[in-house]
Amino acid sequence: MTESKPIEMSLDALYSGFRDPSTIASMIAKINQKAEQLTQPMRVMEVCGGHTHSIMKYGLPQALSNKIQFVHGPGCPVCVMPKERIDHAIALAQQENVILATLGDMIRVPGSRMSLAQARAQGAEVHALYDPMHVIELARDNPHKRVVYFAIGFETTTPMTAVVIEQAIALKLDNLLFHVNHVLVPPAMDAVMADGQANINAFIGPSHVSVVTGAKIYRPAVEQYKTPLVVAGFEPVDVLESLLMLVEQQLDGRAELEIQYRRAVTNEGNTRAQELIDTYLEPRSEFRWRGLGDIPHSALKLRAEWQHLDAENVFAEVLPQTPIDDHKACLCGKILKGLAGPKDCKVFGRGCDPQRPMGSCMVSSEGACNAYYRYGRISEEIAQ
Amino acid sequence: MTESKPIEMSLDALYSGFRDPSTIASMIAKINQKAEQLTQPMRVMEVCGGHTHSIMKYGLPQALSNKIQFVHGPGCPVCVMPKERIDHAIALAQQENVILATLGDMIRVPGSRMSLAQARAQGAEVHALYDPMHVIELARDNPHKRVVYFAIGFETTTPMTAVVIEQAIALKLDNLLFHVNHVLVPPAMDAVMADGQANINAFIGPSHVSVVTGAKIYRPAVEQYKTPLVVAGFEPVDVLESLLMLVEQQLDGRAELEIQYRRAVTNEGNTRAQELIDTYLEPRSEFRWRGLGDIPHSALKLRAEWQHLDAENVFAEVLPQTPIDDHKACLCGKILKGLAGPKDCKVFGRGCDPQRPMGSCMVSSEGACNAYYRYGRISEEIAQ
Amino acid sequence: MKPKHIQLSHGGGGDETNQLIRDLFFRHFNNDILAQEEDAARLSFNGDVAFTTDSFTVTPMFFNGGDLGKIAIAGTTNDLAMAGAKPEYLSCGFIIEEGLPIETLEKVVASMAAELQTNQAKIVCGDTKVVPKGAADGLFINTTGVGHCHSKPSWKELEAGDVLLISRDYGRHGACLLAEREGFDLSGAPDSDCASLWPTVEKLLAAGIQPVAMRDATRGGVAAVLNEWAHARQLGISVDESQLPVAPETQGVCELFGFEPLELANEGTFVLAVKPAQAEQALALLQSIQPSAARVGELVEAHAGKVVLTTPWNSKRYMEMPKGELLPRIC
Amino acid sequence: MKPKHIQLSHGGGGDETNQLIRDLFFRHFNNDILAQEEDAARLSFNGDVAFTTDSFTVTPMFFNGGDLGKIAIAGTTNDLAMAGAKPEYLSCGFIIEEGLPIETLEKVVASMAAELQTNQAKIVCGDTKVVPKGAADGLFINTTGVGHCHSKPSWKELEAGDVLLISRDYGRHGACLLAEREGFDLSGAPDSDCASLWPTVEKLLAAGIQPVAMRDATRGGVAAVLNEWAHARQLGISVDESQLPVAPETQGVCELFGFEPLELANEGTFVLAVKPAQAEQALALLQSIQPSAARVGELVEAHAGKVVLTTPWNSKRYMEMPKGELLPRIC
Amino acid sequence: MCLSIPSKIVEFNPETSKATVDTMGVQREVSTHLIAEPLQVGDYVLIHVGFAMSKIDEDSALESLELYREMIEKSEALHD
Amino acid sequence: MCLSIPSKIVEFNPETSKATVDTMGVQREVSTHLIAEPLQVGDYVLIHVGFAMSKIDEDSALESLELYREMIEKSEALHD
């Protein structure tokens, strides 16, 4: 075997390189080989829904040793959105001369009576955007209507909302309001771990949240819960390399914060993005998460000086304020802590399914119950 | 033959009674018999387009002696509308957030570049109403737009516009404006007769204009031009009875104002309607008529105190002000005076036809050229 | 939360589309061919067939005497019937606006199913598209029909001397819809004539009537049919005005707005040309079904290309080809 | 002042309608049957025919690789071709929004005429409706097609062991349209695959290939076809993920918005099931027409009703039935 | 000019100045803002673009109709 | 969470804070408001909902890829 040429940088290298089947296969082999040495199964929570998607799409659980078990975390912004907030969006969209805009598949998520897609079908004006900046155009093109941007997402998407707020202020767009639902990863991790019950041995840390925040935000959790965390990229090779790093920590008895996704994540993150967020937004005293309940300081809102842009303030009278509890039978809280699996839930597949989700974990394809409903039984079935 | 029962009042009697084929036949026979005594053909102008319609629809020229010749008058509000006024309507309709509303088939009439129907097809918001009161609803339903009522018609339709103005003021509808094009019959009759050239021996006076104004408005013309006028209903029997009355006047050497349409027309007319008109509208110094040119005091406008409701005032900047002359080849002026017939026009049927009218008389089915184009040649053709 | 309104996802070609097709269309249109669930229906024909299409949009969707669904079947089966063909198989294409209540859709579909029954015809293939709110007006339906020819009437066979009959009083559908137009607000207007004509045609053929030509007087009304025939054959058509059957309430709507009943649309009224020898028998048969059926005139050599109305006092005038958009007359 | 835009009067059934039909539709679709000017076309058939319908709405109306007119013909002739039938006769129904530039309509009609040519098929009857501005989105077209069957593939014949081929790389049409969606503003997206498939099917049949089943992967994409087949036959379908042909630019659009190429619509790409003995020959023939044609998997007894993808590292997962509305993924 | 048709009042509400009128069996609501005289159900009025524009003088109408009947009778007598 | 994809800058306008990026042959305009470092054509960035959210560290990416290649080579060597 001769020495090969150095790899050259290219877009293709960035894609194919991290999806390469042979790399995946060797990485799997290497993990499985190391995992042999684990004395008991390692329960790894991927915090982020994007990772859940990759893990499912590339069939990693099947390929990996039973010693590696995945626990799907709370990191899907549509799944964790409590019904009362979706009801807010619908109530706003149903106002005369109000246009509600939000991102992508958010409009499919059911509130207590319907989804935004259903509200739209019934006559409310709802726009599913790809690009948050489009609300600026929407507000400009509809000077006689008020446009409400229903802002959702974890730390990844928050800076984009901040840019839009900045632009709206600069352009004096007085018909553009914001309904802010940006949630934060660290408090959610705390909510999972805090009671000491959770059965989680390692974390795969979010990719793009970390691009914004920097890896530093996970340090307190790693230290407090003595649980290793590797910030991982989204590609299958990224996820596998991170798993390898976690297995190695486990075998070494370490509980450290590491970064696998070094090509995009630093310890400090994107400081300009952080400053922008800080200028316009501040933590709420608490926010209700579907599946996890009320979590202190777990979401953002507009700062006091921008109250006139806050749809929660401007439309206070028409927004329903009753919190809606999770369904009693729903085990999402336990599932998120690694204490139960979807099959343990009495209504799984019988009352709760992706078409009519009863709990957070069934809402989007990144939820644990949803993923299990769709893929989970495949090993049994394929085994035939 | 026994004495018949008295006729009873009913809607049917009001319709069928005045359309009864035997009555029509006897009336025709009686007129033709009397007309024998006329030493030369009697040229009767029906001032009103509605009468033209009846005369054509019931085939009266064919049934009547050649001694009775019809001259179709200027009394069709859509035909006499000059192109520059239609251009106004189009310019208004094409404004952002302006809705233009007008009555019925007005939207088919071509201006200098297109009709309102074409403007609508190109994106302007144009409503063809049956009932002028609907502009009130239109203005209410579109608080963020301005609604312009393009008011058209002779004295018949003017009081309805006055009621709408009254309501708009009472309801403080500040987004409802008026573009007033109401025209007056007496100045148009003057324009036809004034130069002494016109070859007209008798007038059939309008039905419903007269309901509003009373027959009194024709007295000056009858006296000045020593030409008899009979105010006639619209039904075929009405028209025929009026003709009979005119033939009798002619034979007696009289030139009087008579009313055939006594069931609806008095000398004084509807005084409430007259007062309403007077409250909101006043004569313009002059108004251009298609076919007849500029005629002094021949149309109405909003009174000075209602200028803020006047679209001609409010939108002065966007309204084209160049008057558009009739096509040089067009003989409408002469045709209206009974000095020429459609066949005398060089472009009749060759360049000027109902689909692309060049002159006033071709515009609507009540115009002389239009009527002749459609019906006029039938006697020749049927004779084969 | 089963949706009560059509959503874009119902048109996406996925599970929700399939559910809609199965729960609604298959249930109401159920038949052996549709049950094959092939994208294209397989049919078997021998000999001459007629093939015709129409798209249906009607405002309001439900009106006195019918609805969009009834029209969507009657309209296309009538074109087959007018061609002397038995309506056998139909396709249907739905274009649905996001937000249409599923209940509304179901009413329309049930009405289609009932009207298919009248014709003993089947929907054998279909298509469903959902467009975003505002991109269509509720529901548009296309139906395309095919069936064997039992007779071959054609306007090309029209000759001077042929007698023209009309199957009932005309202008009802147009008057009915005008009355429901926004801003007209009428009551007491006529019911639409909306109906399938094949049963009538079948009886005519069974009685030995040989129709020279038939045409249902839809858009443009009776005036359009007669003018098109006169123009196409370059023959005259002579119409006796006093024989024209119009219901008083149809006339009433026309008086109010200055419309001409001859120009109003019909959805179950047809003009039939027969040889003089069969005119009386055909008329009697038509009148046994609709008493207002009438003999309206005949084809003549004179005034080629024109339709001429004769009044009782023997004046004549042209019956004109209608203008496109029906607007209330001002004069 | 000849109008440059469609007006309501063009749909009124009067002179203006007739002019539009004559000047535009007859001119472009000109053929012996249409020239008869009957409301229903008269055709002659002997034996089995396929009959299918589709309505077409596409935003934007013109896109890279095609337009509404091309799709309107290709879509329906493809359904006939997939049924093993030669596209012979089509009807077409236009629903036109008031205000559509007549030039636009003519471009669409000319494109239909060209695509008919590719199929050697004819439009033999039609219908035109005009709806008020705002009541439709520019132009909707329904076409319904009929033609003799030259073969009778059917999903009902699918059996375990049958090999599944795809005629070219998939997802292009969906990716092309997504790129033109408001707010997406992409350049460099793939051209649509929009094309008529009968010429390809004709070659397959001529070469002696006996298709077990064929389906064009339109709305819902390849994922919908495979899932429907698996579900309908209660057989499994096993797909080798590494063999699935997707163009890089199609993949690019999907990466940007989180779509799955298998779920994107195609308008000229089909899945073909053949017996294993004919698989190689059929694939070679398909590749001679489109080099990206590929063998994607086979029917199996296992995991009945499901489509299972196998990765190169031998992991398996379900290929899912697409959700209805394509929305960019947030996660 | 201006189409106008005889109709019969079947309902009348002086407070809203609205009447329902019948035209050959078809009913419609019209405004009576332009009529100064008292109106009542059974009256005949002329309707123009949604407004009653005047009452119809029944005596005069009947007088005309009687006149026409006489005329026909005379002319028939003539032909007899 | 949150889909984000590597793309290459093919055009950049610092005044409008807009860049055109290429993603597997597809081009799109994105906002660069969130990037503090200087950008230039040829740079690789991560794109999320219409924004460039960070530059990609090329050295680090190549380092990973080299590592993977070595790993494969080793495991192949193992199997040989």
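A few remarks follow.
As written, the chains take the letters A, B, C, D, E and F, and residue 1 is the first residue of each chain.
Simple rule for what comes next: a contact is a pair of C-beta atoms (placed from the backbone, for glycine too) under 8 Å apart; a residue touches a chain by one contact, two chains touch by 3 or more.
Computed from a prediction, not measured in an experiment: that's the story for all the values here.
Steps from subunit C to subunit F, minimised over paths through touching chains, total 2. Counting every residue number used by either copy at the subunit C-subunit D contact, over half are found in both chains.
Rotation angle for the C-alpha superposition of subunit E on subunit F: 180 degrees, rounded in steps of 5.
Centroid distances from subunit E, each centroid being the mean of CA atoms, peak for F. Subunit B and subunit D have centres, each the mean of its CA atoms, that are 57 Å apart.
With centres set at the average Cα position, the gap from subunit A to subunit D is 37 Å.
Taking each chain's centre as the mean of its C-alpha atoms, subunit D lies 62 Å from subunit E.
The residues of subunit E that reach two or more other chains are 1-3, 22-24, listed in rising order.
Among the residues of subunit A, those touching two or more other chains are numbered 15, 48-50, 75-77, 103, 117, 130-131, 134, 153, 157, 366. Touching of two or more other chains is recorded for residues 7-9, 184, 255, 257-258, 323, 325, 329-331 of subunit D.
Interface of subunit A with subunit F (complex): residues 1, 4, 6-7, 9, 11, 13-15, 17-18, 20, 22-23, 26-27, 29-30, 48-50, 75-77, 103, 130-134, 153-154, 156-157, 159-160, 163, 206-209, 211-212, 234, 237, 241, 262-264, 270-273, 276, 366. Against subunit D, in their complex, subunit B makes its touches with residues 110, 113-114, 117-118, 120-123, 356. Contact residues on subunit D toward subunit B in their complex (touch as defined above): 1, 3, 5-9, 98-99, 133. Residues of subunit D touching subunit C in their complex: 7-18, 36-57, 79-80, 82-83, 85, 89, 91-95, 124-127, 129, 131, 134-137, 140, 142, 144, 146, 149, 152, 154-156, 215, 218-221, 224, 228, 232, 263, 265, 321-326. Residues 179, 184-189, 248-249, 251-253, 255-258, 329-331 of subunit C are the ones touching subunit E in the complex.
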